[in-house]
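Next, two complexes with chain A in common: one pairs it with chain B, the other with chain C.
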Partner chain A sequence: MKVICERAALLDAVNLVSGVVNNRSPRPQLACVKFDASADGELTLTGTDAEITLRLSLARVDVAEPGQALIPADKLRQIVSAEDNEPTLTIESDGDTAHIKGEDAHFQLHGFPADEFPAIPSFKSIADADPKTIFTTSAGTLSGLITRTLFAAARENSRYAINGVLLVRDGKKLEMVATDGRRLAKCSATTDAKSDPARCIIPSKALSMLLKLADEPEEPVHVAITDTRAVFAFGDDATDARATLSTSLVEGTFPPYEDVIPKDQDIKVTFDRDVLASAVRRAALLTNEESRGVRLAFKGETKALELSSRAPEMGEARIAVDLAGYDGDDIEIGFNPTFLTDALKVITDPEVVIELKAPNKPGLVKSGGDFLYVVMPVNLP
Partner chain B sequence: MPPWPRVILHVDMDAFFASVVQLDQPELRGKPVLVGGSGKRGVVAAASYEARAFGCRSAQPTGVAMRLCPQAIIARPGPGRIRDQSERAFGVFERVTPLVQPLSIDEAFLDVTGSVRLLGEPRAIAERIRREVFEATGGLTCSVGVAPNKFLAKIASELDKPDGLVVIEPERVHEVLDPMLVGAIHGIGPAGEASLASLGVRTIGALRALPTEVVRERLGTFGERVHRLAQGLDDRPVRPDREAKSIGHERTFGEDLSDPEEVRGVLCAHAEDVARRLRKHARLARTVTIKVRYGNFETITRQRAIDDDHERPTDRTDAIWAAARALFEAWVRQFRPVRLIGVSVSGLSESGATETQMGLFGAPEATDERQRALDRAADAIAAKFGKNAVRRARSMRDGDDRSWW
Partner chain C sequence: MPALDTDRRPIRALSALLVNQIAAGEVIERPASVVKELVENAIDAGATRVRVELEQGGIELVRVSDDGSGIPAPELPLAIMPHATSKIGVSEDLDRIATMGFRGEALASIASVSRVSIRSRWRGDAAATELRVEGDRVFDPQPAAGPVGTVVTVRNLFFNTPARRKFVKTPQTERGRCLDWVRDLAMANPAIGFEVVGDGRTLLSVEPGQGPRARALALLGPELESELLEVSADELDGARGLTLWGLAGLPSVARATAKAQHVFLNGRTIRDRTVQHALREAYRGLIEPSRHPTAVLMLEMPPSAVDVNVHPAKLEVRFRDSSMVHQAVFRAVRDALRRADLTPTVGGRAFGGSNAPRPPMGSGLLEPMDPMRPGVREVSAAVFVDAFKGAYGQGQPPGISHQPSEASDGPHTDGRSLMADGSAPPPRDASETPEPSEPTIPTPRRSDPVLQVHNSYLVTQDEGGVVIIDQHALHERVMFEQLLARVSAAPLESQRLLTPTVIEASESQLAEIEKLGPLLSRIGVEAEPAGPRSLAVHAFPTFLFERKVDPVEFLTELLDRAERDDLPPDEEEAMRDVLDMMACKAAVKAGDKLGVEELGELLRLRDTVERSSNCPHGRPTTLRLTIAQLEKLFGRS
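Let's turn to the complex of A and B:
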């Protein structure tokens, strides 16, 4: 194999693909990026961590000699990144050794035989094998769903199912739901065409990778979901995609999230998103490990919301927010301010609605009709 | 002789790290020894007195120290030895008085005012401490300063280092202090020295003779305190570290344990004991650490946050055991026979006043209440019949020949 690549494009691709690779994989072949140069002048890079596989097709490349190579991802990334004076790099394989050549540099990297890399099923082979559902959305829609849910997913919870994000497909509806057991984010979108219903839990790492791939909002994304995998292909044509990410699904049962979304909240207050975010952020300044909660006191008489916090041995904070239109009852409720700001950060609409019922009942944050966030209160002493 | 208003001791182990090494490795005794990093960016943690004679000192880059004393030997204390020896020394202190304020691993203030009637004259108490530290550690020396307050005690311990004992009786305070240079007062640096020197003041005696206002003028708000120190006055109390930073249990086995299941039993017993102590002291913990020492003394520790589903600190036995167990199960693949097993909790806060984050799913409050009721019942039984009267079945398999009936 011999390919001549534009360095900048190669670096972008290598950075993305090596983001998937587990450099400490017990199988050194899996710590490699696979180069695949075809006779018709296309170069693809593939990396995997055994759960997630990412395959990128590289533009601006000259295939001088088709072939394949397995190159250790970490060193490859370092070399391509360090050769920052070179407009192009030549990558050549010679047996299991890869040569990376610039104007004044020649790196020889010991790799592995290309056929020791696991076979990666293509989007087409998965689409042909009767998946549960297959549909097309856009990169912008996909990244909007991920951005507004992934932050609420659990990180290392012993209930594995909530360490991922639930994807729900039903007719034209496409939803994502994430929870860590204390708050829950749900975001909805629609697609142009209907497809079969399906539900699956996508690992957080795969979603972070998808966010990096989804940088062209208008680009079509083809999605196929089977019993064990989900595949996302970016580009006009799913079988000849610019990028294809395939991930195994998180096993387990997602908790019954519909049941915990409150339906009959008595108090509904509309806020300017930035005003509320600023108030919560400032009140959070006087919280600490022992006293993390911020108290929100809604007052009907003075038509005001007072946020207060208290950090033992440090001090207290009080922030007043004017609620001109407030005619509800008085209520005081405590929240972890991080949970509120996390949601306010990803809301794109300038207005948010806060809905409450009682100090020991969940609070609801809504925005734009497509985003909903349930957050459990903190019992303040 | 006027009575001592307070009797304060400052105990400072002599070249502690280096002395521990020389004690454990007899071939290094009498030789210049540096303890610390030997790498390019290494720093000397301690220099033996033989090395100090060449100008080596702690916090010096190892390279500099080696140039000053090329024959110095760079050594490393055995694993856990520093802590073991420190604990032995502090054990001695705590037998003398509960008022022990650790300043570091090898240095402490002791308030022995209340021990005089029981243990004798201040000098006798200090001699006893020096003797017992020597015996408990198997040969480490310390220097002790005895004085009516912390400031003077610290000065006293420096006067006859190493292996020294200096008593500054109340009536000798000025006699000792007056000839010393003002720089001996902590907080008077080169700038303060220069400022005082411009008044012709170089000694503490001369400083003492100045009116307070002049000292304040020269040294700012700090001046008042300095002026009091110059007169030998210092009423800062000895503050014992009452706020425990962690609570732990560990046990060394006569013979290394080679069965992981037995180790689990010990861990569970430790978790129970630690949780009971947390409850007894009305504390909640955030973090659990397990410690494993192999037969060759290699020691590893692993820690994680206690996960009771709500990220809040807890004193529940089940939660602490679950965290300890999770740490153990993550490590057990590398299992080797172990010599010591320990469980400790840290990130302590007072129970009672904490807020609780509510959960979305299930009824964690109910679980919590059930577990607490169980812990309360077990504590009540333990209080009446001893801690082995009721235990989790697993912790009874801990290789100990207790009688269980």
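Let's turn to the complex of A and C:
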């Protein structure tokens, strides 16, 4: 194999692919990036951590000699990154050894035989094998769904299923739901065409990778879901995609999220997103590990909201927010301010609605008709 | 059943001797009991000097001589009669017992199992009288020569009760027990001089007319002076309450047994669970649970507030209001400990003082480190730990001492005041100083650099020298105190859960949950049985969520402990255990890398909590290597 690549494009691709690779994999072949140069002048880079596989098609490349190579990801990334004076780099394979050459540099890297890399199923082979559903959306829609749910997913929770994000496909509807047991974020979108219903839990790491890939909002994303995998192909043609990410699914049962979304909230207050975010952020300044909660006191008579916090050794904070249109009952409820700001950060609509029922009942944050966030209160002493 | 008939013996009244021998079985167990009874009699007789002679640990001979009031010659034969005493007369006197003895059993019991001679001269008599008794043979009193006072000589103890003699141990052991008793009695009666001579050697000698502090130090060992804190309380209120004075040892001089605890009630040695428990509680978190603090406690109570007539040797007493006693002891000792700087120094007195031998170099206590030696970092870390463990594990002399120890031989100099104005505070009076000293607690300054070693220990400095902190132990301590303060004020803040977290639990564990209910709600856990074998958790403390403690793991462990009866029945005590568990789980672990801010915060928190020098399990959180020690180690002194 011999390919001549534009260094900047190669660096972007190598950075993305090595983001998947586990450099400490017990199988050293899996700590490599696979180069695959075809006779029709295409170069693809593939990396995997055994759960997630990312395959990128590289533009601006000259295939001088088709072939394959396995190059250790970590060193490859460092070399391509360090050769910052070179407009192009030449990568050649000679048996298991890879040569990376610039104007004044020649690196020899000991790799592995290319056939020791696991076989990666293509989007086409999955699409042909009767998946549960297959549909097309856009990169912008996909990243919107991920951005507004992933933050609420659990990390290293013993309930393994909630360490991922639930994807729900039903007709034209596409939804993502994430929870860590204390709050739940749900975001929905629609696609142009209907497809079969399906549900699966996607690992958080795969979603983070998808966010990095989805940088062109208009770019089509083809999605196929089987019983064990989900595949996302970026580009006009799914079989000849710019980027293909395949991930195994998180096993387990996602909590019945529909049941925890409250339906009959008595109190509904509309806020300017930035005003509320600022008030919560400031009240949060005087909280600490043991006194995490911020008290929200809604007062019907004065048409005002007072946010207050108290950290015993530190002090107290009070922030007043004018609620001109408020005509509900008085209610005091405590929330972890981080949970509120997390959601306010990802809301794009300038208006948010807070819905409440009782101090020990969940609060609901809604925005733009497509975003819904349930947050459980804190019992303040 | 003729066979049985021939075996049967008729019921008979016991002879007086046998009655006394049986009674002696309760009172006189060994030579030490004889010493105790006789010395108590001497004290009751108003002696100013008491001399005890022992031969073969008292097995051959116990002789107690006093210069007390003596016994008038005509009363002498009565002295050896059972239940004959001058100390009480009517039943009501039992409510106001102020003398050591009162039952009138002792001499009669002793006389029934040994060869006794009593020579006594009453103050008003011109000469002494001597009376000899051997078993049930009482010889006629004979005139004798001797000073005012009484000399009781007991020979051949148990000569007529061989079964009992079998339980007597070696002379050395028996001598030790005799000395223990004299030591206790001498501590309780500092005005009286005591001398113990064993087989011709002086074993103990204290001068009359001492104060309680000087007497206690003379008996415990003067080298402990700097390791003892003065404890006092006065909660006397008419016929209720008590006054208390004593000395409480620093955690470093805690012992493996309770032998170093001397508790007195109205001048009488007692072994009382209430007092022992109060002591243990006061030291909770400062010493490991298996160790016992060194302490001398003298309680004075109106005789009517306590029943001493419970135990034949009068070791056990019954308080009318034991919770008052518990609280008074606990509070007095805890307050004294709070005022003290409890940071142990590495090597302790072995380096700082002159009255303990210096450990040889290479003992592993603190060796100069060779930076070129491979693995030296592990070695150095282990050296501190081992030095500490070793010192904690051994008895006397302890390898660990506390800050005040540096002042043990001279003027009390406190690092802080020296640094502040360059002049040392006035020397402490070497004689009896009733005012307890209150050492200030040195703390690292905010600006001092902190080094995290092996992601486990923090090294910094304070006015006294180099300070080494166990990050997990300190953080655990800090969090425990914060949680305790928080829980005492209000329930902990808790986060409600979207859907209950379900935990598998056995039926007995579910039963425990009901009992733990009030405690759980105070720490912010809301849980209820959800079916025959599961528990639903609806809310969990935000604090534990913040510290990434898993509700399932935490509650499973709590249920296991409750089921094993591993939690004290008292709610407040159980709460301490649970908070301890929370703190341990939430604290940074050894191996956690801490950022500069976290390091600073941890040290800042150290200042804010009491007793941060020991973690809740009683292990130390902080060690100090003083400048004086460093100078010595580097040969600069």
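Rule of thumb we're sticking to: the second predicted complex is superposed on the first by the 381 of 381 C-alpha atoms of A that agree within 3 Å, B and C clash if a C-alpha of one lies under 4 Å from a C-alpha of the other, contacts with A are read in each partner's own complex, and residues count from 1 in each chain.
What we mean here is this: a residue touches a chain if its C-beta (ideal position, glycine included) is under 8 Å from a C-beta of that chain, and two chains touch if they have at least 3 such contacts.
Computed from a predicted structure; not experimentally measured.
Colleague: Mind checking chain B and chain C on superposed chain A, clash or fit?
Modeller: Clash: chain B and chain C overlap once superposed on chain A.
Colleague: Could you look at A:Leu380 and tell me whether it touches chain B, chain C, both or neither (first, second, both, neither)?
Modeller: both
Colleague: Would you check which partner chain A:Asp192 touches, where first means chain B only, second means chain C only, and both and neither mean what they say?
Modeller: Neither partner.
Colleague: Going by the contact rule set out at the top, does A:Asn336 touch chain B (first), chain C (second), both, or neither?
Modeller: Both partners.
Colleague: Examine A:Ser291 and indicate which partner it touches, taking first as chain B and second as chain C; both and neither are also allowed.
Modeller: both
Colleague: Taking the superposition on A as described, I'd like to know which of chain B and chain C A:Asp227 touches: first, second, both or neither.
Modeller: Neither partner.
Colleague: Once the shared chain is lined up, is A:Glu313 touching chain B (first), chain C (second), both, or neither of them?
Modeller: second
Colleague: Once chain A of both complexes is superposed, is A:Glu301 in touch with chain B (first), chain C (second), both, or neither?
Modeller: neither
Colleague: Once the structures are lined up on chain A, find the stretch of chain B hitting chain C; candidates are 56-64, 110-118, 254-262 or 290-298.
Modeller: The one stretch of chain B in steric conflict with chain C is 110-118.
Colleague: Of the residues on chain A, which ones does chain B touch that chain C also touches?
Modeller: On chain A, the residues that contact chain B in one structure and chain C in the other are 157-158, 179, 181-184, 255-256, 260, 289-293, 312, 334, 336, 360, 362, 374, 376-381.
Colleague: If you look only at chain A, which of its residues touch chain B in the complex?
Modeller: 157-158, 179, 181-184, 255-256, 260, 289-293, 312, 334, 336, 360, 362, 374, 376-381
Colleague: Mind listing the chain B positions that touch chain A in their complex?
Modeller: 286, 307, 309-311, 347, 349, 352-361
Colleague: Any idea which chain A residues touch chain C in the complex?
Modeller: Listed in rising order, the residues are 156-159, 179, 181-184, 255-256, 259-260, 289-293, 312-313, 334, 336, 360, 362, 374, 376-381.
Colleague: Could you list, by residue number, the parts of chain C that touch chain A in their complex?
Modeller: Going through chain C, the ones touching chain A are 482-483, 485-486, 489-499, 501, 524, 526, 539, 542-543, 545-548, 550, 552-553, 608.
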